[in-house]
Amino acid sequence: MPARSPYLPYLLIAPSILFLAVFFLWPFAQTVVMAFTVDGQTSTGNFARMAADLNFWPAMGNTFALVIVVVPLQVALALTMAVMIQKMTTGRDIVLWIWTIPLGISDLAAGLAWLAILSNNGYFNTVLFHLGIISGPTGWLSYETPLTLFFAVVVAEVWRATALVFVILVAGLQLIPKEYAEAAEVFGASPWQRFRHVTLPLLKPSLQSALILRTVLAFEVFAVAYALGGRNIPILVGEAYTWMNANQNTGVAAAYAGVVLLVSLASTIVWLRVIRVRREHLP
Amino acid sequence: MRTNLRRLLPAALLGGAAMLAGGGAIAQDTVFLSTQLRPVEEATKMRQIILRDAPGRVTYVVDEPAPMTTRMQAELQGGSRTVSVVGAAHGELLPLMDFDGLEPVGDLAARLADRGIPAPLMESAKLGKDAPRYIPWMQATYIMVADKRALAHLPAGADVNALTYAQLAQWGRNLQERTGRRLIGFPGGPTGLMNRFFQGFLYPSYTGGLVTTFRSAEAEAMWADFKALWATVNPSSTSYNFMQEPLMGEEVWVAFDHVARVIEALRTAPDRFVTFPAPAGPKGRGYMAVVAGLGIVKGAPNRAGAEALIEYMTRPATQVRVAAEFGFFPVVKAQLPADLAPGVKLAAEGVDKTQTARDALVSLLPIGLGARGGEFNKVFIDTFTRIVIRNEPIRAVLDAEAQNLRAIMTATNAPCWAPDPASTGACPVN
Amino acid sequence: MADIQIDRIVKAFGTVVALEEVRLDVPDGEFLALLGPSGCGKTTLLRIIAGLETQTSGRVRIGGRDVSDLPPRRRALAMVFQNYAVFPHMTVAENIGFGLRMRGDDAATVRAAVGRAAELLKMTPYLDRYPSKLSGGQRQRVAVARALAVEPAVLLMDEPLSNLDALLRLEMRAELKAVLREAGTTTLYVTHDQTEAMGLADRIAVMEKGRIVQIDRPAALYRHPRTRFVGGFVGTPPMNFIPVVAAGGRAMIGPLAVQAPVRDGPVLMGVRAEDLDLTDDDGAAPLMVRVTEPMGSHLLVTGEAAGVTVRAMAPADADLPAGRPVGFRPRPERVVWMDPESGQALEMRA
Amino acid sequence: MTARRVLYVSGVLVLCAWVLVPIYLIALGGLGGRLGVFRWPKEFLPTGASVDAMLTFLQIEGVWNAAKNSVIAAGLTMVFSVVLGAPAGYALARFAFRGQDAYRLLVLLTRAFPLAILALPLTVTFIRVGLYDTPLGVALVHTALALPFAVLVSASLFMGIPREYEEAAWVFGCSGPGAFLRIVLPLALPGLAATCIFAFVISWNEVFAASLLTVRERTLTAYLLAVLAESPPHFRYAGGLLLVVPSVVFIFAVRKYLFSLWGITNR
């Protein structure tokens, strides 16, 4: 292209690189430095402090358990929804909109909505009451009921963030030419076989993308758990927040942040390995 | 769709720019930063009722204690000063002196001499300097509130106004046996003030101290008792931030909390509730006195406005109104009117009974911990969590947490405060 | 109006050389087609002339003016793109008038020119429509009208008909020819379709692997391909190339002796399908029929002779089942001779 | 066949209800007033609901300020991410240049990290440079969140606009920037607007960074988390409702683009 300097593309990406350097790479390095600094000296003290803290291992356990339970549930539900929407003829627009609404809802608002439902005298208990299952307000979210509390967080997370997976998968499905499924049908594949052997393999890139994004975001879960369980269900990012805000100890908070960054990166690598996308196997 | 979006984009851009431009400077007024009366309803009343008649324009902003310290320090160092008056508890004002953040207010104190602020309060307002660094503002404490229906289940021979921890535990058992529900409540949620219960009530009552006696044998016995008591406490207590809501919602019948955090329940249904002091232990009836003061920030942008505001806030009429609205009581000589709202009257009675109890053992908010105040609180909450919630052995937990506590005390070099005996240097964990 | 001079244009993408010292002169008013298979560099050459691509070396002159370093907008040319590039957010009228408006012509001039161009391409009823409401052929007309409206010195067309269906393509081809003849604009037309090139162009430049291998009038190109490649690429079916050994002005295909006025040794005899006469004579060259395809006007016979595939034409009603041996005789005056190694045409002896 | 059809339709309806009912219930909570929170058993119809609770909530000082801060922060995020991201997307879509893959990797890498966490070290720096407790500071961190999406999405938007349009514009007399402004931008605008709204939503909803980076000038989410945590439940529900309503509207506005937004960020 004449009259276009070869530096033009660099000129165009320079601002964003500069920005990411200042607001991604640099704070990233800072986090590491802070995590390894105690009273101005390099030390692993923050990590020792963190690991010795009574909430660290529960937070670790809860966070991982949440990821392990929530992400597969969301993918399964989103796949179902995506397949359902593919078939839809009438009302597709409105259903699509409704199903994607949670995409715009913050985790905090989602936590509050489910708090209104699941609190002692909330709507869920009212339904149980009318069904004659319980006789009065019953607590599901206290430290005595860690399992129901955990599943309350799971439900709220599934409610809030399935839409993200759904959107990625629907977009992925739209990229798969209809001819493949039609060809499979001609050769006698049942709907399930078509889905299992044609659609699913071709959907791999979208699945991978959705899994990486969702896993990273699931490790970041904070406000939902905070709104529903307060201190009763410690979560890694929540602990980082508490150490930063209430305890005013940036070093330990940074150590927590470091752990979150590490597990996020590790999960991304795992997904990249587990779901191998072979470009040559794609249309 | 296309045209809509096309129109939407520039409009949104313009909107953003306009907002940005509008968010600028405020006119010359007095910015009043407070760690007290923080919850939205209280802050709103503060702005709309109390400060409406204040001299000049006052902007009332609130902040949690630790960020308040950080902020004041940043303002002093950064030079962009906005805040003129700081209102905070005694123990929260003290860290500001680490960077000499408060102006001496000796002149003002002299002018306000006729207000009748008790001499001991004025003395502690000096924060260890020659001249007072703040003017006492209001005082409060924590009380117990009970639904009248609960009174029928009091253990035999127990006087609700002279309760012991043993009796409270028995009361809880009675309630549980007879109603099938656990009806005692504590504010153990993330922003609840449960830590103050341990620091100013439970520990002093059982051990006569706090930091020094943290891992004493008495403390061990205390935690065992409290664990037993906890068996009759509503498990949602670790989610309660304010006790007024569960009291109103009848989730609990007996509750402990800061006066300001139960007043809404008392006001809504004064006929339903009684107020009384926290229980007593072997060493007396520990209670924590909360004294809040008003200080003028070093290099305040509006010194005259600040003084006028403090003068206004310490007027007897203002103090009575604050009492009527929030349940914080006057530090000046002021007669609470007889026609006080029944709810406020209930609260006042509770405070009065607490302060005048025969076996009262006063303790102060933690002093001199600065930014470590959060971690100090964490020690008590963690100890509670480990012993009571997670069933860890008491002795081991106390020994382990004592190390954390010691580290904080050494790092801050904070001397002991009441009821611990005065120390030279950092308050020791014995 | 202007001529185009392309002087030793080289274009390299990294180590890959797309154009090797291409020279080409297009006189004023000529319609020249650049013909070649995909990847031969014809589009690259066109884009270099347009200024959309920068040449590695060499010069481009339009109307005697060196435009090599000018941006496209300063080269006083117009272009019709393969996908038309009719702006979807502008009406037909706005599209046609785009170049004029960019030039800064006043509204009345633009309107008049748009009217003329639209009239020429029969788009007047559609002036207020958006391209999304037009058929492929209509968009094509808009693209041409837009190019003609600016009355360019030079018009470049990049496979403009390749996205139309067969019937429409034929129709547009005829129309394009008429319109451009009337306009008299120097036109460079890139295509891979030899019938299109033959039908439209005054001259055709055949390109292969970044080089122009032959420039000629369509008929001459057809009759006298200068390389085996040209013979194979131009004309349907492609020219037959039968390997023979020439000796003393003669060569043998089976029992048939043909005149071979070339140097002695192995040569390729190039002859078109219509220039082979099929016969059952004993002396003819034998052809084993494999497939016959009735083409309506004639029967296309594909068979094997001398170890290569040979195509010939028979009358539409000929009875030639597959597997039947038949004989053929090339018309000597129609034969061209090629070197089997280089693929270059050989000098004929007088 | 009919039985399956019934199953299918009821499945769709159940999923719709699954999404909508919690939103309805938080609205009931927000509009139910102080005592509505304690009512037992709960009413599922808005009998006790009144706008009063919401109005009281809106009159609380700080709410409007927080909402204003949220709008400013989200607006700035939107502007920053498009202003920084669209040119980079254009470069990715139109040029082959050295380091392109490295750049793409950098952008993708940001998605493998919970970026909001990085607000932590930034608080210290922000205090020093005066960005602490300003919507601008929040917007800068949120831009780091939204920028990768803006880059990838705009790259695919520009890729979707045939290069020939631009070339045609150059041939017919436009300069480089001219062709961009007259041809590419109008065509990319709806998609870019959707990107903008998406960036807006990302910022509007973010809690963690906003809570750490502000004290007085809270955004709505941070205000809800920090200040309303000390308030009665019906205020929190009202705040939640205030957060949800714009999201629902925004998602409606960009619903057509959601899929193209996410479809291409895949590959």
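All chains are identified by letter, namely A, B, C and D, in their written order; residue positions are counted from 1 within each chain.
In this section, a residue touches a chain if its C-beta (ideal position, glycine included) is under 8 Å from a C-beta of that chain, and two chains touch if they have at least 3 such contacts.
The structure displayed is predicted, hence computed values, not measured ones.
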{"item": "Closest chain to the centre of mass proxy, which here is the mean CA position", "value": "D"}
{"item": "Of A-B and B-D, whichever chain pair has more C-beta contact pairs", "value": "B-D"}
{"item": "Chain whose Cα centroid lies at the greatest distance from that of chain C", "value": "B"}
{"item": "Mean-CA-position distance for chain D and chain B (Å)", "value": "37"}
{"item": "Approximate Å spacing (C-alpha centroids) for the pair chain B, chain C", "value": "91"}
{"item": "Chain centre separation in whole Å, for chain D relative to chain C (CA means)", "value": "54"}
{"item": "Sequence positions of chain B contacting 2 or more other chains", "value": "64, 67, 70, 190, 249"}
{"item": "Shared-contact residues (touching 2 or more other chains) in chain A", "value": "1, 3, 121, 137, 226, 245"}
{"item": "Residues of chain D touching at least two other chains", "value": "37-38, 175-176, 226, 233"}
{"item": "Residues of chain B touching chain A in the complex", "value": "64, 66-67, 70, 188-190, 235-236, 238-239, 249, 251, 371-375, 377-378, 381-382, 385-386, 389-390"}
{"item": "Chain D-touching residues of chain B, taken from the complex the two chains share", "value": "1-2, 4-6, 8-9, 12-13, 15-16, 19-20, 23, 38-41, 43-44, 47, 60-64, 67, 70-71, 74, 78, 80, 190-191, 241-242, 244-245, 248-250, 264"}
{"item": "Parts of chain A lying in touch with chain D, wherever the complex brings them together", "value": "1, 3-4, 6, 8-10, 12-13, 15-17, 19-20, 23-24, 27-28, 30-31, 33-34, 81, 84, 87-88, 93, 95-110, 112-117, 119, 121-123, 125-126, 129-130, 136-137, 159, 163, 167-168, 170-172, 174-175, 205-206, 209, 212-213, 216-217, 219-220, 222-223, 226, 237, 240-241, 244-245, 250, 253-254, 257, 260-261, 264-265, 268"}
{"item": "Touching residues (chain side chain A, partner chain B) in the complex", "value": "53-54, 120-121, 137, 139, 141-145, 226, 229-232, 242, 245-249"}
{"item": "Chain C to chain D touching residues, read off their complex", "value": "50-52, 71-73, 77-79, 81-85, 87-89, 98-99, 102-103, 146, 150"}
